[in-house]
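Provided herewith is a single structure, encoded as structure tokens, for subsequent inquiry.
Order as written gives the chain letters A, B, C, D, E and F; numbering starts at 1 within each chain.
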Amino acid sequence: MSTAKPVFRYPVPELKDLPDDVREKILAVQEKAGFVPNVFIALARRPDEFRAFFAYHDALMLKEGGSLSKADREMIVTATSAKNGCLYCVVAHGALLRIYAKNPLVADQVAINHYKADITPRQRAMLDFAIKVCLGSASVGDADYEALRAHGFDDEDIWDIAAITAFFGMSNRIANATSMRPNDEFYLMGRLPR
Amino acid sequence: MSTAKPVFRYPVPELKDLPDDVREKILAVQEKAGFVPNVFIALARRPDEFRAFFAYHDALMLKEGGSLSKADREMIVTATSAKNGCLYCVVAHGALLRIYAKNPLVADQVAINHYKADITPRQRAMLDFAIKVCLGSASVGDADYEALRAHGFDDEDIWDIAAITAFFGMSNRIANATSMRPNDEFYLMGRLPR
Amino acid sequence: MSTAKPVFRYPVPELKDLPDDVREKILAVQEKAGFVPNVFIALARRPDEFRAFFAYHDALMLKEGGSLSKADREMIVTATSAKNGCLYCVVAHGALLRIYAKNPLVADQVAINHYKADITPRQRAMLDFAIKVCLGSASVGDADYEALRAHGFDDEDIWDIAAITAFFGMSNRIANATSMRPNDEFYLMGRLPR
Amino acid sequence: MSTAKPVFRYPVPELKDLPDDVREKILAVQEKAGFVPNVFIALARRPDEFRAFFAYHDALMLKEGGSLSKADREMIVTATSAKNGCLYCVVAHGALLRIYAKNPLVADQVAINHYKADITPRQRAMLDFAIKVCLGSASVGDADYEALRAHGFDDEDIWDIAAITAFFGMSNRIANATSMRPNDEFYLMGRLPR
Amino acid sequence: MSTAKPVFRYPVPELKDLPDDVREKILAVQEKAGFVPNVFIALARRPDEFRAFFAYHDALMLKEGGSLSKADREMIVTATSAKNGCLYCVVAHGALLRIYAKNPLVADQVAINHYKADITPRQRAMLDFAIKVCLGSASVGDADYEALRAHGFDDEDIWDIAAITAFFGMSNRIANATSMRPNDEFYLMGRLPR
Amino acid sequence: MSTAKPVFRYPVPELKDLPDDVREKILAVQEKAGFVPNVFIALARRPDEFRAFFAYHDALMLKEGGSLSKADREMIVTATSAKNGCLYCVVAHGALLRIYAKNPLVADQVAINHYKADITPRQRAMLDFAIKVCLGSASVGDADYEALRAHGFDDEDIWDIAAITAFFGMSNRIANATSMRPNDEFYLMGRLPR
């Protein structure tokens, strides 16, 4: 798990010293992605938090059903993480957004200015709501729910949007507070035609 | 689980319909507290999120070791939840803060203005950092770590402060987006001499 | 007038050294409340300001007529003082709000997030306007007046809301700049059934 | 008291209908200034508030002693009223500032950008503090007092600065909420050599 | 080109050392205005930037056609420069606004609070848009164009409003960063009846 | 000059209808870059503004001398344009930054969070200042100059940083107000090893 650039400002554990379940999850993601995203290495030094973090992540991002596509979910993460100035999440989830959306441009667009992005009115409404949850959740209320229902989102979808925004708001703050670096591999992912 | 006032804006599940582990955790908290805090009922409608949420919560709030007392942890939650305008968390965790700190005044103080609260300089530094993580995590850096180390916090403590702030920042957004109500019982807890 | 905790960051006068009218007003409030709220002691060191402050206070808060109840007036004070981070006013006027409204929960609710408080739509509109006067008075205009008239407020009521907000905006700044402490007695007032 | 342009958005009283003391104060200011500033006419429709307002005003602005000159006091009003977007107070008190300071330029300077104004370092520190009381009083503390003492202000002067800022913060909000117009006469006062 | 007060924080060039075209433009403005506005002297030390700045300025401010009057253009500059805290531009262009509008009051009004200024609803809409471009251009969109068209502005006018705001946003930042002083002559211009 | 996606919200001119100098500049950039960046097409519909814009641009960005490298200049543009939410400038100048810096990662880093970017302390100070000029130029003063001089910037360099920030602040506002799209070609430029 050595790397030329630091994973984050804390020391990182040796793979062999990790609990089996944590190590296995890391090896599985490495197998699938070809590298280990730094968030796995960073959180592994606290196995209980690692387990809860990824359990929550998977419950929200790998959820079956609902009307949010995988690309929609990553779009929420990319747009709101940019509002929080989280380099790790914008770069890592922007990569996933490009891949799921099969669109090499959309991640940069929603990260910088979702009003100018090539997205549908439905996605625009989804991001308007997510950004409100991100920056001013205190005043979320009936009118926000109505605005989303007008685009075909049901209340479970709305929960999903809010919860994804909230979860990554947590992730953004942990990454920022610990100076977590996005792996270099993420920057180019999904930018080239396949 | 019926209540005169709504738990939040979503329908709540019947206790009997919940998975065993979820139901048991709810019954355990009821046994201990004398009532079921609404966050348990609210999240129970999504068991996977319930499990991950409380696993994360317990990893951070029930953690052994480190120099943060239980009162310190609840103080972080109360102060930062107020910045996010989260009624549920300020009321519920303010109650816990009063109890753990054996101080009936401190929760209202840190919720409204931590600069004027009867807290130690060390707690003041802890809250200054937590509030920065809450409101402007993008610029957290070396100087912030140094400021905390000067008060005797080590880097694991700093992780704890950041992670608690981040976790409840998530909780605040979910509670705000779903209009989660604090149970009436919380408001008076810890205010009367025992 | 000695106290274990300081009234504020300035020295406080001896009761015997005060002008008669100031001393009498202090003794009268002590008689009625059972203690002397610190704002009386603090301002007494400048008798002319003391007299003007309480004359203004009484003109706004003890005014006969109009459609604002005593609870409405204290609700405005509590909600806007929280926006200004004024511990003294939130704690002291929150106590009065609980008493006048005969509601042990509402003060904490409007202090933390008036959107989630158990208040009427009319009170919600009243607080929306008060908070706008508090935080962004420059753009108050016809539309704000119309919104309040739709809830049955007449222009004199609107003046009252604006003037109460403005007066306590002054009070908040003086209390914050002088680190005025709320008396311990306020915290529990109105929280217990009578 | 008729005027081509409205005094503010409320009806104004006839001079003959006012209580004697209110009318006399108005006639006195007219005698001295050559016209009646609109704030006198506006507040006269509520005599108790009129009396308290001007008693407070005079206690702060006509106070004997202390190290704040009349120009300093008006400078505080002009700079902080600009932050609140209060046209009435910037125009009216800017006029007084020009006259007391015998400086036709300084009012526009401190209203637009006090950092670029032709003022002394002591006045700069005074305005820095006043603007903090105006915009963020919650965090005023020891360091702010120290910064002012370094420029020779004692604690009574600091109270004066804070109280003047607070009082006109009230006045700004009332003027904004009622659309109070500055009299045309103020705009040119103090701009021409005498 | 000597002056008792500094032009800005950089040294200023001698008139004789300037390129002919720059010197001629300066002499022409001096001939017309009776003095040389400091922005000409300041930028002259970088002739290429001088030429581009005034070419852009003239393209926007001296443009023929369109429905924006010269007073409208200067009103945009005055109102938005105040939002940026640019003393130079508010004072210099406020003077031009007073002259073109033949109105000695309007510059102070739009600089402090355009909501309370004696302007037409059309000018109010124009300034609302300009201020949005100044402070939050990221979200400018169709609704903003519609709002202006409702007041008779066509898309070329809207370009003009946006471009003037943008150009002086640049000018404001250069003036602020270099502490450019407005010439004393500007303060009184257009305030006296002719 | 036809394109599947709109250049911006205004109609675009035919190349043949443009003045010779404008057309030649466009053809020259097409020759060099392989495509015509949309800003050239957009501004060409107003030739005088086109000429002034690019004259200013070239004076700042192609300037000889000084200690700012071409990469430094583009880094300022990328970081401050992100603060203004300008998709066009972040994407187009981020591409140039990657190329000049021979670094495929740095543009995304400074756009999202310059505190976490792989840049030198000197570049960090440069961006701190540029962002202050971008977001709060009113308070730029001596301390800011001192901070930059400590990193070896002289006053001409500081002018360059401020002027580049100011110029692109203008460009950002024009691009946002007109919904100017970055050409698709920019997104991938400089991301692949050569």
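Heads up, the rule we're going with is that contacts are C-beta pairs under 8 Å (C-beta built on N, C-alpha and C of every residue); 3 or more make two chains touch, one makes a residue touch a chain.
None of these values were measured; they are calculated from a predicted model.
Visitor: Quick one: which chains contact chain B and chain F both?
Guide: For chain B paired with chain F, the chains in contact with each are A, D, in label order.
Visitor: Relative to chain F, which chain's C-alpha centre is the most remote?
Guide: C
Visitor: For chain B versus chain C, which are copies of one sequence, does the interface use mostly the same residue numbers on each side, meaning over half shared, or is it different?
Guide: same
Visitor: Could you tell me which chain lies farthest from chain A when each chain's centre is the average position of its Cα atoms?
Guide: Relative to chain A, the chain with the farthest C-alpha centre is D.
Visitor: Using mean CA coordinates as chain centres, what's the chain A-chain B distance in Å?
Guide: Centres of chain A and chain B (C-alpha means) sit 23 Å apart.
Visitor: Suppose each chain is reduced to the average of its Cα coordinates; what separation in Å results between chain C and chain F?
Guide: 51
Visitor: Averaged over CA atoms, how far is the centre of chain A from the centre of chain E? Could you give it in whole Å?
Guide: Measuring from centre to centre gives 44 Å for this pair.
Visitor: Which residues does chain E have that touch at least 2 chains other than itself?
Guide: Only 85-86, 113, 115, 138-139, 141, 176, 179 qualify.
Visitor: By the document's touch definition, which label belongs to this structure's chain graph: line, ring, star, complete, or other?
Guide: other
Visitor: For this structure, enumerate the chain pairs that meet the touch criterion.
Guide: Inter-chain contacts occur between A-B, A-C, A-E, A-F, B-C, B-D, B-F, C-D, C-E, D-E, D-F, E-F.
Visitor: Quick one: which bits of chain D touch chain C in the complex? Just the residue numbers, please.
Guide: Answer in residue numbers: 9-10, 46, 48-49, 51-53, 55-56, 58-60, 84-86, 133-134, 137-141, 145, 155, 158-159, 162-163, 165-167, 169-174, 176-179.
Visitor: With touch defined as at the start, can you tell me which chain F residues reach chain A in the complex?
Guide: 5, 82, 85-87, 90-91, 104-105, 108-109, 111-113, 115-118, 176, 179, 181, 184, 187-188, 191-192
Visitor: Can you list the residues on chain E that touch chain C in the complex?
Guide: Touch list, chain E to chain C: 113, 115.
Visitor: Quick check on the complex: what are the chain C residues that touch chain E?
Guide: Per the stated touch rule, the residues are 138-139, 141.
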